[in-house]
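Heads up: the structure comes next, in structure tokens.
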Amino acid sequence: MPIVLAGNSYGKSRVRVVKVTRRADGHDLAELAVNVRFEGDFDAVHTAGDNSAVLPTDTMKNTVNALAKAWSGEPIEEFGCQLAEHFLGDNPRVSRVRIEIGQSQWIRLDRHAFTRGSEEKQTTEVVGARGGTDIQSGIESLIVLKTAGSAFEGYKKDRYTTLKETSDRILATAITARWAYRTAKVAFGACRQRAREAILKTFVEQDSPSVQHTAHAMGEAVLNAALDISEIRLTLPNKHCLLVDLAPFGLDNLNEIFVPTDEPHGLIEVYLARQT
Amino acid sequence: MPIVLAGNSYGKSRVRVVKVTRRADGHDLAELAVNVRFEGDFDAVHTAGDNSAVLPTDTMKNTVNALAKAWSGEPIEEFGCQLAEHFLGDNPRVSRVRIEIGQSQWIRLDRHAFTRGSEEKQTTEVVGARGGTDIQSGIESLIVLKTAGSAFEGYKKDRYTTLKETSDRILATAITARWAYRTAKVAFGACRQRAREAILKTFVEQDSPSVQHTAHAMGEAVLNAALDISEIRLTLPNKHCLLVDLAPFGLDNLNEIFVPTDEPHGLIEVYLARQT
Amino acid sequence: MPIVLAGNSYGKSRVRVVKVTRRADGHDLAELAVNVRFEGDFDAVHTAGDNSAVLPTDTMKNTVNALAKAWSGEPIEEFGCQLAEHFLGDNPRVSRVRIEIGQSQWIRLDRHAFTRGSEEKQTTEVVGARGGTDIQSGIESLIVLKTAGSAFEGYKKDRYTTLKETSDRILATAITARWAYRTAKVAFGACRQRAREAILKTFVEQDSPSVQHTAHAMGEAVLNAALDISEIRLTLPNKHCLLVDLAPFGLDNLNEIFVPTDEPHGLIEVYLARQT
Amino acid sequence: MPIVLAGNSYGKSRVRVVKVTRRADGHDLAELAVNVRFEGDFDAVHTAGDNSAVLPTDTMKNTVNALAKAWSGEPIEEFGCQLAEHFLGDNPRVSRVRIEIGQSQWIRLDRHAFTRGSEEKQTTEVVGARGGTDIQSGIESLIVLKTAGSAFEGYKKDRYTTLKETSDRILATAITARWAYRTAKVAFGACRQRAREAILKTFVEQDSPSVQHTAHAMGEAVLNAALDISEIRLTLPNKHCLLVDLAPFGLDNLNEIFVPTDEPHGLIEVYLARQT
């Protein structure tokens, strides 16, 4: 059976850019990491070594820098669309352009000074194709922990089960959310803020019988709070904080001393949509 | 519009295990990191907080340890199948089990002593479902570099292009490969070895007009060398080594001095299959 | 010439512990990573394989957990002293115990919920010896950036210098500070707060002719603000944000578009003390 | 009490460079990461913002690139000395120059192709001062593991000790070694090879009653094998592989199944010298 090139893509990853918007009364700061990816008719590149249709990935990087100059500085969804539109327009062999943007957190100290926030990233992925543009936005690495209101009981047990049931545990996770929009005409910044607040409010206020239930409740809360969001995926690692057994030392441990662990970790994913 | 749970999964990630096989004339060593993931009918867990169908992820970890005891120590595909079969059999609510295994590289020093090899990982993903089992294997982080036989010329230029054409550059990459099998009855170890050798031989021997062409040639070589492999995906970052401009210091630089960079990096993906 | 054991130490590193202090109106949270290190007369362990004087490092870990139970939850200097005193008292062969503690940042969301802050760590190192205890505290990874008020001009140039002078650049750094105290009777929490505020205020308010000058000014400000601090060392990497040349694309770049880089980076260290 | 500048240093860290030596019958490859650091009379920089004595760290980077061109390609000690000498000669205000070099491992595939080896680094630190030059070389991250010939018994127990004694455990570590030379006229490459082989041979062949004893034996072996080495420091983390308790599942575990852990870890340091 002959071998065929069934798919291909190429691009530039981790194009980092800082944009300073110089207003009269101070500066705004945006730090982004951008990935650009092309799909299309590039068979001759792969099979014949004919590079004539290949825009270098170095040019993709230059283009991110050049278009960052004209970009208003927010929101990232707008910048993603500008990049996708530019690349599609200039490269007829390209059928799909995928732009991924992650924005780091800087907290203002004064008009020109900032301090780094948490690892949390604001993200968007814009996929531009000949038939239209698809935008999905989200959040990565929103780390939260609660010391009350979390249990894990009544689960299935088999011969390999040693976990103790608990009505009171630490729940710690690093939330990744990713949502799609019902239309392309969205106030992206306001929508993102509502989604983020719904996630945090659910985490803080709702008792958690499992990470699964909490993840689902977050998804529901987002869809109820942000009507422009049509569907959402949430990924929640269970960053286990294990209760330390102090009994050998003659001490009780009433949920006071824990050892936080990185691996192994539980991993919970849910996907909620509006029924059509 | 009502909100629906359109998808869900859960599992345990980064279950690390070392298995020592104690033979009469020495020990064998396998170090694995295993991910386990369940999909199925878990709606009540998410919506009603009913955990009765949830096998704890801690039990998944215990099961990996317990089944590692009985496993022969190679190949990883066999261990993945054993885990998938166990979990499917014991959990009727589960429709799909996904087992991902990555094996680290240890190089034998003598009968009982080993030294760590490179970052390269041998990988497999076994997906067990009610209708059958699907196995995909691969390699991650096989880092290679060549100082001759690589060029990048004749590419498309637009107004954002500043890259200089070159007939002689360093090509450095970290190969990720992932292939599927034509049947489930495969000599996994021998097949993996043939695939890996085909990739390295292509890198070493073939001139590279572009990373795209090299990736494609690797895929062809694997499919030609290992007839049990039905399709392959290759992902090659272009780990740029930039030629340093020494002219300001009165020195030429005939491809002698480079600065290796981590970001940004090019990223090339190809997908080759046998025509059906 | 015979070979001698000229020095030795051993201990446990990265002992992670979360302590929850359960007050009537809510919970407090402290997440620490602790290193314990012993020095002393352990020659027979090394030369004769006689382990009778070796307290296992696993026991050090257990001790951190057990003593965390009794600790009040702040400040970390107090916990360090309690650990050092315990180990010195129980291990007559030990001449010096070094306790290093790093505290991660959690930001309160409500009475029982928290979100991760930045990478910044609050640190202390307590060295207990038979003659007395020495405490040094500090901060790690306090990341800041300013978009105005930073220049680098008038520096020495040699034949390898290509850097352009600039009266206006981005200054970004990740501050590590480490200070000693004039006495052991210090209000550690208040002193730390004054030191941290002095560092940030200096960064925000003072124009920077060089990272060296800024680091020195921070040290002076700390010593002026916190009279219980006798000396301070500051380490400031220069996390370069390079101005992107947009001229090839027909665009100016009036300090708007930068590429942040991780390597190479400048590294500036100063050590300020009170004259005796 | 007035505040004084009691110490200062500055430099460039993580200057990465790849040097290709183009011989008639093939290419040699050296990948280095270089740190440069100056100490000296730079008070006016810190206190008055007078930069006239400051050679920019960007120039240090350029100098590494320029001198790499003339360097023969091995050993790294020679390159360190060339850099130190250059900087001392050109910068009269500098009293000490510290050059740290780490070399990554590439394994030859053919005349022009290489594959990445392990994480192990070959290191050197050259300190050039007005009174002479000091060279210390070493190894970092030489990861080894043995499944037999390691015990830990007969240790001290207190009320916080829960560790079980064992006559047979896995010993895994990542060796860092650092040695000084008796003279400056040394065959650096041959000396390094003898030191490395002595370390590995000791690990493989000698039974280990403790990491302390193994580290000491490695130091002795190096000093016995390489007479040009005057002293050596070894740092060995105990990368614990914990025996998994399979008894709850009705299985024994005769040192077959372990869980490797990253934290916490033991940390053992020894310093051996020749008696003078």
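So that you can tell them apart, the chains are marked A, B, C and D in the order they are listed, and the count of residues begins at 1 in each.
Definition applied: a residue touches a chain if its C-beta (ideal position, glycine included) is under 8 Å from a C-beta of that chain, and two chains touch if they have at least 3 such contacts.
Everything numeric in this text was worked out from a predicted model, so none of it was measured.
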{"item": "Chains in simultaneous contact with chain B and chain D", "value": "A, C"}
{"item": "Chain whose average C-alpha position is farthest from chain B's own", "value": "C"}
{"item": "Where chain A and chain C are represented by their mean Cα positions, the distance between them in whole Å", "value": "30"}
{"item": "Separation of chain A from chain D, taking each centre as the mean of its C-alpha atoms, in whole Å", "value": "38"}
{"item": "Centroid spacing, where centroids are CA-atom means, of chain C and chain D in whole angstrom", "value": "23"}
{"item": "Multi-chain contact sites of chain A, meaning residues that touch two or more partners", "value": "16, 62, 66, 160, 162, 248-249, 262-263"}
{"item": "Graph class of chain-chain contacts, one of line, ring, star, complete, other", "value": "complete"}
{"item": "For the chain C and chain B complex, residues of the former touching the latter", "value": "159-160, 162, 248-250, 262-263"}
{"item": "Of all residues in chain B, those that touch chain A in their complex", "value": "1-16, 35, 37, 42, 45-47, 49-59, 61-63, 66, 90-91, 152-158, 160-163, 209-213, 215-216, 219-220, 223-224, 231, 233, 237-238, 262-276"}
{"item": "Chain D - residues contacting chain B, complex", "value": "16-22, 27, 29, 31, 62, 65-66, 68-69, 106, 109-119, 142-149, 170, 200, 203-204, 241, 244, 246, 248-249, 251, 253-261"}
